[in-house]
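Paired with chain B in one complex and with chain C in the other, chain A is shared by the two complexes that follow.
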Partner chain A sequence: MKLKRNVAVSENGFLFNPETGDSFIVNPIAKEILNYLKEGYDIEKINQLILDRYEVDLVTLEKNMEDFLKMLQHNELLDR
Partner chain B sequence: MEKPKFNIAVTGLNNTDNPGPGIPVIRGLKESKDFDVRIIGLAYENLEPGIYMRDLVDKTYQIPYPSSGKEAVLERIEYINSKENLDFIIPNLDAELYTFIQSKEKLEKMDIRTFLPTMQQFEERHKANLNEYGEKYGIKVPLSKSITSRRDIDELKEDFEYPLLVKGKFYDAYLAYTPEQVNTHFNKISAKWGLPVIIQEFIRGTEVNVIALGDGHGNTVCAVPMRKQYITDKGKAWGGITIKDEKMLELTRNLIRQTKWRGGMELELIKTNQNEYFLIEINPRIPAWVYLAVAAGQNLPEALIKLAFGMDVPNYSEYEVGKMFIRYSFDLIGDIAQFGSLSVTGEM
Partner chain C sequence: MKKLDYERPILNKVNAGMPDKFGMKTKTATLSHIEEHSVHDILKEFGSPVYVISEPCIRKTYRTAHKAFSTRYPRVQFAWSYKTNYMNAVCKIFHSEGAWAEVVSGFEYSKAIENGISGDQIIFNGPEKSKEDLERAITDGAMIHLDSLDEFYFLGELAQKLDKKANVALRINLDAGIYPRWDRFGFNLENGEAWHALNRIMLHEHMELVGLHTHMGTYITAVSAYAIAAGKLADMAVRLQRKFNHSIKYLDLGGGFATKNTLKGAYLPGADTCPSFDDYAEALTSALLGSELPPDKLPLLLLETGRALIDEAGYALGSVLANKRLVDGRRATVIDIGVNMLFTAFWYAHEVMPTKLNSEQTENTTIYGPLCMNIDIIREAIQFPLLQKGDAIVIPRIGAYNMTQWMQFIKLRPPVLLIDEDRKIHVIRKKESFQEFNAQENVPKHLK
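After this line comes the complex of A and B, so read on.
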């Protein structure tokens, strides 16, 4: 699962999809995940990085991660 | 080398909440580094805002509505030409295009050029012919049907599901959920724009548009896709953004290649959630959001003039993605003497 190559995420968490013209504001953790996706990390690795950095249990993280990825997919931000 | 200077007449100075393309076209022309322009505004009404924008429009003349007949329009153009020595006319409104396309030879005799689609190109893309157009050029289009009488409304249920769109032949489109609503819209539209009224299948999705310029030989000189971000209650874009969409560009290039389109155009498309594109309308002229294309790197009005005068036209293959336009309203201050001059003499 990879973020589309031309999707831009700015330092302040502003995300722009040049294919659709949609823009979004994401929180710092979402921005971090998006940057990992952009670098090509797989979900397992991203989960591990988040678990290491934040106080969160695996079940909660996986549930939230799944919701977030669905949202990215719905908004045409991921490569199919 | 000295730059050439062209006297260019431009219509569509109605820079209102339903804006004509005149003013943004003029802004594009004035930004040309390769030629200078003197702009002659052609106005139908005394209160078209462009008339009062003296930094953009050098002189304005009133012209008769196209409904007054081709001869009346040409007579007026002849007079204006005797005063201004016009080199070129850019008609920017759908309703006047028929007159100007038909008058091509007569204008050329006056030494005035245009760069417009042929009558065949203009006629075949009418909303009423959209089904055949889609079939001929291999483009998905929504089912469309022309109706000329209220009696036709009852029969619509055989071909269409509600909601459906009720459209005027030139402008206006309303969504109707019931035959009663179709009836109301039919009366309103036919009174304003005449018959036929077009009934169109409603396609759910995002409205996206492409502005393009064809050289008349099948080549696409300019093409910029845009998504409307803010739409007024009249359905006009009040804000928009350039997008990167190769499918839209390919569709545009294909269409221009097949039709050998000559002049400016706007394709109105619906992109569905399944990423399918439906062509809902072709506007056979430069759209009012043309200045967004200029700002994104493709000066379409300038390229139009260059094509018409055989100058070198840049190869516009790139444009800046994420460029936005936001319209605003602004109170221009005029003087009753200006209004009076236009009312009495028809020029200002």
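After this line comes the complex of A and C, so read on.
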């Protein structure tokens, strides 16, 4: 699962999809996840990186991650 | 090394549109304590969901309302509208402040008597009054507000049998320039029905006309309507004086004052549009003082406002049950407060407040109640922070109607707490139990 190559993510969490013309705002943790996705990390690895840095349990993170990926897919931001 | 605070990742689509000149602040308000008690502690001790009522808030609101009217008109009396909230503890607070009782059924009448109110301080309104109810009211000397001609005949017959004079007031519906016009209660003024009924009461041997009453509607934000209604009732009182040389004891202008809750579909929040008690009092009392009523014989001004006196003092405390994603990408949050215990969610866009915020991030969210029923929606769309399962939420301003119009539907009713003036918590209504509820039923022998 990888973020589309032409999707731009700015330093302050502004995201632009040139294919659809849609813009998005993401929170800092989402920006971090997007950068990991861009680098091609798999979900398991991303989860581990977030767990190491944030005060969160695995179940909560997995639930939230699934929802976030669903939203990325819904907005056509992921490579199929 | 200390780990960073976590919040769930979100993706909010930017929807560019016309700037809103009434732009509201987007910051989410939080409420962590009620009268010095932590919401978390309350939920931990009494379970979730739970209602909380603040006694200091009730008393403060009542005194503000009373002062607004009594500083403008010499004779003012409030009557607590039982249907708005008939928890005995709540009624007793209002009675201790000096309010009489306004009831609309035999059940509420019994409650008022149990709460120590004497019959001559009970206003008995409403379309349904049984034979037993009316006989009791006649004997007690309660103020019986007639709703229909059928009731007039019925009451006359009963008073005659008891050989007593019933204290009677006429409920009048009138055009005060507002919509909708309530014409289902009482007798119409403009078509002459009310005057006709008044003549008959005046000529009845077993009835004493004590008052004139109108109740124009609910959540009325146009204070001018009260001025029009007060003027019309005053004219009617003057007309009675002229024809029968009869001074009525009181004018009852009912209730209907708005609260700071926002009505569904309203463009501006209720907190910005709700008139103050002073606004209502100024319009209403100016009309009375400016009328033809003789200054030395001013009738008592009775007010039955319920909603505006209690809404602010009530809170519903609950928790997040689940977060979901709807097909169109919207967030859905399910909480354990449903329309079964928050009937007012059908007409208010209730504020739903978290107890704390980890960040300023929000998502467009639909808030559902816990019932397995499609109508159970608390908010269709609200910019809501990123709460997790188990997080506490507070819905403020729910003191009016929710503890009387609540439904035993799917779930049992939660407990009601009162925080007194010394900040002590009391359970004023126990959580309903399965045993109590089931004990009302009877299964026929052949089905056992």
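Quick note on the criterion: the second predicted complex is superposed on the first by the 80 of 80 C-alpha atoms of A that agree within 3 Å, B and C clash if a C-alpha of one lies under 4 Å from a C-alpha of the other, contacts with A are read in each partner's own complex, and residues count from 1 in each chain.
As a working rule, a residue touches a chain if its C-beta (ideal position, glycine included) is under 8 Å from a C-beta of that chain, and two chains touch if they have at least 3 such contacts.
The shown structure was predicted, so the numbers you read here are calculated from the model rather than taken from an experiment.
Once the two complexes are overlaid through chain A, chain B and chain C fit side by side, free of any clash as defined at the top of the document.
Judged by the touch definition given at the top, the superposed model places A:I33 against chain C, while chain B stays out of reach. Contact with chain B, but none with chain C, is seen for A:E19 once the two complexes are overlaid on the shared chain.
Of the two partner chains placed around the shared chain by superposition, chain C is the only one that A:N75 touches, whereas chain B remains out of contact. Of the two partner chains, chain C is the only one that A:M65 touches; chain B does not reach it.
Legend: residue contacts after superposition of the two complexes on their common chain; A:Y54 is shown touching chain C, with no touch to chain B. Set side by side, chain B and chain C differ in how many residues of chain A they touch, and the one touching more is C. Nearest C-alpha atoms belonging to chain B and chain C sit 6 Å apart in the superposition, given in whole angstrom. No residue of chain A touches both chain B in one complex and chain C in the other.
The part of chain B that touches chain A in the complex is made up of residues 206, 226-227, 229, 241-245, 321-322. Touching chain B in their complex are the following residues of chain A: 6, 16, 18-21. For chain A in complex with chain C, the residues that touch the partner chain are 15, 22-27, 29-30, 33, 52-56, 60-61, 63-65, 67-68, 70-72, 74-75, 77. Every residue of chain C that touches chain A in the complex is listed here, in rising order: 3-14, 323, 325, 329, 359, 361, 388.
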